[in-house]
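Before anything else, here is the set of structures, which you'll find just below.
Shared between the two complexes below is chain A, which has chain B as its partner in the first and chain C in the second.
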Partner chain A sequence: MEEKGRIGIPRALMFYRYFPLWKVFFEELGWNVRVSDGLDKRGNIVYLEDSCFPMKLLVTHSLVLKTQVDYLYLPRLVSLHRHHMMCPKFRGAPDIVRLATDGMVPILDDLVDLRVKGHSMRESLLKTGKRLGAKEAESKQAFQKAEAFFLNFQKRWLERINNLPIKQVFDLEAPEGVEEPEKTFRVAFIGHPYNLFDPDVSKEILTFAKSLGMRVITSETLSEREINAQLSDLSKEVYWSSGREIVGSLFHFLSGGVDGMIFLTSFKCGIDALLQELIRRKLKRSGKVSPPLLILSLDEHSGREGLMTRLEAFRDVMEERRHEFNLTYVRST
Partner chain B sequence: MSRYKNIMGNFLGIDVGSITTKMVVIDESHKLLAGLYLRNNGRPLETIQQGLAILASRLGDDQAIDGVATTGSARHLAAYLVGADLIKNEITAHSVAVIDLFPKTKTIFEIGGQDSKVILLREGVVVDFAMNTVCAAGTGSFLDQQAARLGISIEEFGRLALEAKHPVRVAGRCTVFAETDMIHKQQIGHSVEDIIGGLCDSLVKNYLNNVCRGKELLPPYVFQGGVAANQGIRKALERELETPMLIPEHFGLMGALGAAKLVKRAKPGRSRFKGFGLSKRSCTTRGFECNECGNQCEVVELLVDEQVVACWGDLCERYRRSYP
Partner chain C sequence: MKVTFPHLGTMHIFCKAIAEASGIPYIVPPETSRKTLTLGVQHSNECICLPFKIILGNFIEALRMGADTIVMVGSGPPCRLGLYDLVQKVILEDMGLHYRWLTIPPRLTWQALWKNYEETKELKKELSWKNILLFPYGLRLGWKKMMACETLEKLAMRIRPREIQKGETQRRLKKALSMVDEAKTLRTLDQALERGKRLLQGTEQDVSRVPFKIAMVGELYTVMDPHINRGVEQKLGELGAEVTRSSWFSTHILRSLRRNKADQASERVRFFEASRAYLGYDVGAECNVSIGEAIVRAQEGFDGVVHLMPFACMPETTASGILTRVGKDWNIPILTLILDEQEIEGRIQTLLEAFVEMLQWKRKAG
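Up next is the complex of A and B:
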C-alpha cells in the first residue's frame, strides 16, 4: 500500500500503554507512524508551565515531532473507565501541545470518554480514521487488527518487561529478548505507566532492579475486577482511574504474591500525593506481615545514585525478611 | 609481630560521604583498632589516600588487611580505588553497626553531611527506611554554613544552642528561608544563642515531618552520623520525642564500622585490597564524553601511576569491560 503520510506519536504519557494499539491502527490505514526518540543526555526539557515532569516531556516530544510529521496523534483522554476519570491534565493535553507548537501541525485529538456513550477508544479511533479520509469499513478492520495485536502484546507483557532492555519494551520490532535467569525476588513496580516505563523519568530503575535479581511485576497483569475488589472497603472512593489502578494493585500485592513493592511517584503529581497517604494508612493497619514498600519520588533531577542506594537497601530488607520468615517456618514445624 | 596480626584477621571499612570520609579497622572480635574522620574538601580520592596514610602510620605499614568494604554515596569510586571486597549501601551498613551495639533499637536517626535518613528496625531486622529526597535542610553542610556565617566553630554551635533561654522561631522548611529568618531575628536583636537554639528546634521538626513522615517511630532511638556531635540538635530531638537518644561512642564512624563488620561476615577468600602503599602513588581521574550513541555517557577513568586501572559511567559497559 502506498504511504499516505506521517503521523507522529509523542513518546510520553499514555504512549506507555496504548502505543501498540495506535501504531497498528494507523499503519493498517496506510500511514507511517513516527515516534519521538528518548531524550539524549543534554535533552532540553521545555517548560511551558510549571506542570509535572511527564507533562513537560509530552511538550518536549511534541516539539521534536512537529516539523517531521503531517499530524500529531494525541487523543483527548478524559476517561478510560466507565465511572472514573483521568487526571485533568489529560483533558487539556492536546490544547497545551497546540499552544506549544504554535499550531504548526494539526493535532488529531478525538475524545475518549468511557463515561459517555459513543466515546470509547474504538469509536474515537474510528472518528480519527474518518478525519484521515479512511472509509468506515477500513477503519473498523484496522481497529480489529490493532486490538488483536494490542491484546497479544499485553499477554506477553511480563516477558517483554523482564527480558528486553527497558528502552526496547515499546519497540514493536524488537525481537522477543533473551530469557533472563531465574530471579531471587518478585517485586511489584507500581505507578503511572509513563513514570515506570519511560527511562527518562524512571532513570532506568527497572534495568537496575533486574540486575539486582528482581523480577518485575506490574499492575498490567491484573484484571479490573481484581483491582476493584481491593477498593470496596475504602472510606472514600478513589475517582481517578490511574489512582484506582495504583491503589488497587498495591493492596492486591499487599496480601501476598510478591517479596516487595515499589511505588514510583512523580514529585509534582497531586494524585500520587493523595494515594501515598491512603497507602500509608492501610499499611499501618496491615502490620508487619505485608511485604515491604518503598516509595520513590522522581523528578527532573538526573542523578541516579540516590535511587540506586535505596534500591540496594530495599533488596537487603527483602532478603532479611525472607531469612526471618524461613526461621519462623522452621520453628513451627 | 606482623605474623600474629595475620592470624587475627583485620577488616577495613571505608565510608565516603558527600562531605566527609570515615575509615575504621576492626579485628576479629570487632574491636576498633583505628578510626578516623576526615573532610573531603571536594577531593574524595586524595582524602581516601590521606586516610590510608594515617591508618598506616597508626597501625604500621605491614598491617595485614583481610577484607575491605566500602559504603557511602561514593562507595563505588572508593571501591575502584582501594580494591574492595564488598560494596554496600549505607542504609544496610548503618543498621548492621547499630544492631550489634544496641540490639533492641527500633529507630535509627542518621544525619550526615548532605543525607539524612531514618531506619526502622523490629527485632533486629530492618523493616523500613527513608532518606531525604528533595531537601537537605538540617543536614551537616547547612549547619556548617550557618556556623561559618555567625563566625563560630561548628563545635561551639552545639554548645551555644544549649545556652538558649528563649529559642526563637525559625523557618526550618527550607534552608534559604531559614537563613533569611535568622538574619531577620539578628536584626531585631535576639541573642546568637536563642537564634541557634531556634534553628536546631526547627531543623529537627523539619526532619521529623519530612524524612520521618508516616513512619512509626518507636524507642529505643539511636542518633548517629556527624550531626550527632551537635548537642543542640540532639537536645531538640529529645525534646520533640520526649525520650533520650542513644548515641554510639563512634557515632560518626558507624557506616564504616558496619561496612567492616559486613566484610568480616562475608569472609572474602583473599582480599583485593591494594595496600596502604596506595597512599604514596599518584591517583587521578579523568573523564570524557562518549559519542558512540545517543546516551552520551560521561565516562570516567581512574589512573594509578598514570595507568588506567578502572573505568565506569558507560551504560553499555564497552569501556568497563577492558578492566576486571
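Up next is the complex of A and C:
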C-alpha cells in the first residue's frame, strides 16, 4: 500500500500503555507512524506551564515532532474506565500542545471518554480514521487487527519488561529478548506507566533494578477485580483510574507475593501526592508486617547516582528481611 | 456535640450564625495563622495543594480546642478537593484525634442524601427538636449574613482605591463585618448592615481618581481567602486598583444548586463559552472560568488580570499555561501568583507594586 503520510505520536503519557494499539491501527490504514526519541544528551525540556514532569515531556516531544509529521496523534483522554477518570491535566493536554506548537501541525485529538456512550477507544479511533479519509470498513478492520496485536502485547508484558532493555520495551520491531537468569527478589514497581517506563523520568531504574537481581512486577498483570477488592473499605471512592490502580495494586502486593515494593512518583503529581499520604498513613495504622516499601519522587533534576544508592540499600533491606524471617523464595511468575 | 468548620474568607461569620441560631454548640477554629499552616504542612505531603494544608490545620486546632464534629463541604471530581475528606480522615485518625465527619453534599443527589443520612444518624440523637425546628431560621439568617458580608466586601473593593488615608477602608470593613457578626436576629442584621454600609461610605475619599480595573481570577479558595493569598485584594486596592472577582460564596452555592438562571451563574456560562477558543473541554474546577473570565475582562476594557492558584493545583496549572497566550492575544497584562506555604508576603507585595507600576506606564503610553 502506498504511504499516505506521517503521523507523529509523542513518546509521553499514555503512549506507555496504548502505543501498540495506536501504531498498528495507523499503519493498517497506510500511514507511517513516527515516534519521538527520548531527550537529547543535555536533557533540554521545553514547557509552557509549570506542570508535572510527564506533561513537560509531552510538550517537548511534540515540539520535536512538529516539523517532521503531517499530523500529531494526541487523543483527549478524559476517561479510560467506565466509572473513573484520568487526571484533569489530560483534558487540556491537546490544547496545551496546540499552543506550544503554534498551530504548525494539525492535532488529532478525538475524545476518549468511556463513561459516555460513543466515546470508547474504538469509536474515537474510528473517528480519527474518518478524519484521515479512511472508509469506515477499513478503519474497523484496522482496529480489529490493532486490538488483537495489543492484547497479545499485553499478554507478553512481563516477559518483555524483564527480558528487554527498558528502552526497547515499546520498540515493537525489537526481537523478543533473551530469558534473563533467575532473579533473587520479586519487586513490584508501582506508579503511572508514564513514570515507570519512561527512561527520562525513571532514569532507567528498571534496568538497574534488574542488574541488582530483582524481577520486575507491575500492576499491569492485576485484574480490575483484584484492584477493586483492596479499595472497598475506603471511606470515599477514589475517582481517578490511575490512582485506583496505584492504591489497589499496592495494597494487593502488600498482602504477599513480593519481596518489596517501589512506588515511583514524579514531583508535582497531584494524584500521587494525595494518595501517597493515604498509603503511608494506612500502612502505619494497619500495623501489619508487610514487605518494605520505597517511595521515590523524581523530577528533571534527579540524578541517577542517588537513585542507585537508594536501590542498593533497598535490596539490602530485602535481604536482611529474608534472613530475619527465614523466608523461602517461592518460584512463580 | 461541638461542631466546627474550616475557615474560608468570611465563612465563619455565617456558619457561626447558623449554629448559634439553631442552638447547636460550635467552636470557630482560631484565625488562620502561621501556626495553622505549620500544623497542616507538618502532617501532609509537600505537593498536596495549599487549601488542603490550611483546612487540615484548622481542623487540628479546632479539635484540640474541644470540637468533635467536623462539617465540611464536599466536592466532586476531577479536582483533588473531592478526596480531601478521604485523606484528612486518615491523617486525623493517625494523629489520635477523635472526630465525627459530616459532609455537605456538593450536589443534591439521592446518593449524597443517603450518605448524609448515614452520617447524621448518630448525630440526630444528640439534637433536640428545638435544634431541628430552629434550623431553617438559622439557615435563613446565615444566608442573609453571607449576603451582607458580600455587600460590604464589594463596597470596600470600590472605596479602597479612592481612600485618602491608606488602610482606612480595611479598618472600617473589619469593624462593619464584626457588626454583622454580632447581629443575632434578622431585624438587627438589617440594621447592622445599614450601619456597616454607612461606616464604609464615611471613608474620606478622593473621587477624582481613576483607579485601574483589575480582575482576580483563579482557584476559588485562593481567590476568596485573604489568609491564603496574603491579602492580594487589599494590597491591590491600596495600590490604587479597583478589584473585581466573580468568586463569591453565593456564586458557588447557587451554582451547585443548579440555579443557573441567577445572574451570577449565567455570568459563569459566559466565561465558560469564552474559554472555548483555547480549551476544547471542561478541565474541571475553575480552570475554564479563569481563562474565560480573563478574555471577557479584556473585552470589557479592564487594565489587568491577577490569576491566583495554589502550588501544584491540577486544573489551574493548565489555565496558567493558556493564560500566558491569552494575555498576548488580547493585549492584557496577566500576573499569575502561585501560592504555597513559604513566607511570600513580601514577594507578593513587590510583584503587585511592579504590576501596578507597569499598568501606569501602559496607561501613560497609550
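Odds and ends about this structure:
Keep in mind that, in the parts below, the second predicted complex is superposed on the first by the 323 of 333 C-alpha atoms of A that agree within 3 Å, B and C clash if a C-alpha of one lies under 4 Å from a C-alpha of the other, contacts with A are read in each partner's own complex, and residues count from 1 in each chain.
Going forward, a contact is a pair of C-beta atoms (placed from the backbone, for glycine too) under 8 Å apart; a residue touches a chain by one contact, two chains touch by 3 or more.
Note that the coordinates shown come from a computational prediction; the quantities given were computed from them, not determined experimentally.
With the C-alpha superposition on chain A as described, chain C and chain B fit side by side in the combined arrangement.
Contacts of A:Asp110 after superposition on the shared chain: neither chain B nor chain C is touched. Looking at the shared chain after the overlay, A:Lys284 reaches both chain B and chain C. Taking the C-alpha centre of chain A as the apex, the lines running to the C-alpha centres of chain B and chain C meet at 80 degrees, rounded to a multiple of 10.
By the touch criterion defined above, A:Thr309 lies against chain B but remains apart from chain C after alignment on the C-alpha atoms of chain A. In the superposition on chain A, A:Glu245 makes contact with neither chain B nor chain C.
After overlaying the two complexes on the shared chain, residue contacts for A:Phe267 are found with chain B and with chain C alike.
In the superposed model, A:Asp198 lies in contact with neither chain B nor chain C. Shared-chain residue A:Asp259: touches no atom of chain B or chain C.
Ranked by how many residues of chain A each touches, chain B and chain C are led by C. By the touch criterion defined above, A:Glu27 reaches neither chain B nor chain C. Nowhere in the superposition do the C-alpha atoms of chain B and chain C come closer than 5 Å.
Once both structures are placed on chain A, chain A residues 267, 276-277, 284 are touched by chain B and, in the other complex, by chain C. In the complex of the two chains, the chain C residues touching chain A come out as 44-49, 52, 76-80, 82-83, 85-87, 89-91, 93-94, 278-285, 287, 312-315, 317-318, 320-322, 324-325, 338.
Residue ranges on chain B touching chain A, taken from their complex, read 73, 88-92, 122-123, 125-129, 131, 133-134, 214, 216, 294-298, 315. Across the interface of their complex, chain B is touched by residues 37-38, 40-42, 204, 267, 276-277, 280, 284, 288, 292-293, 297, 299, 301, 305-306, 308-310, 312-313, 316-317, 320-321, 324 of chain A.
Of all the residues in chain A, the ones that touch chain C in their complex are 48-52, 55, 76, 78, 85-89, 91-92, 94-96, 99, 109, 111, 234-236, 238-240, 267-278, 281-282, 284-285.
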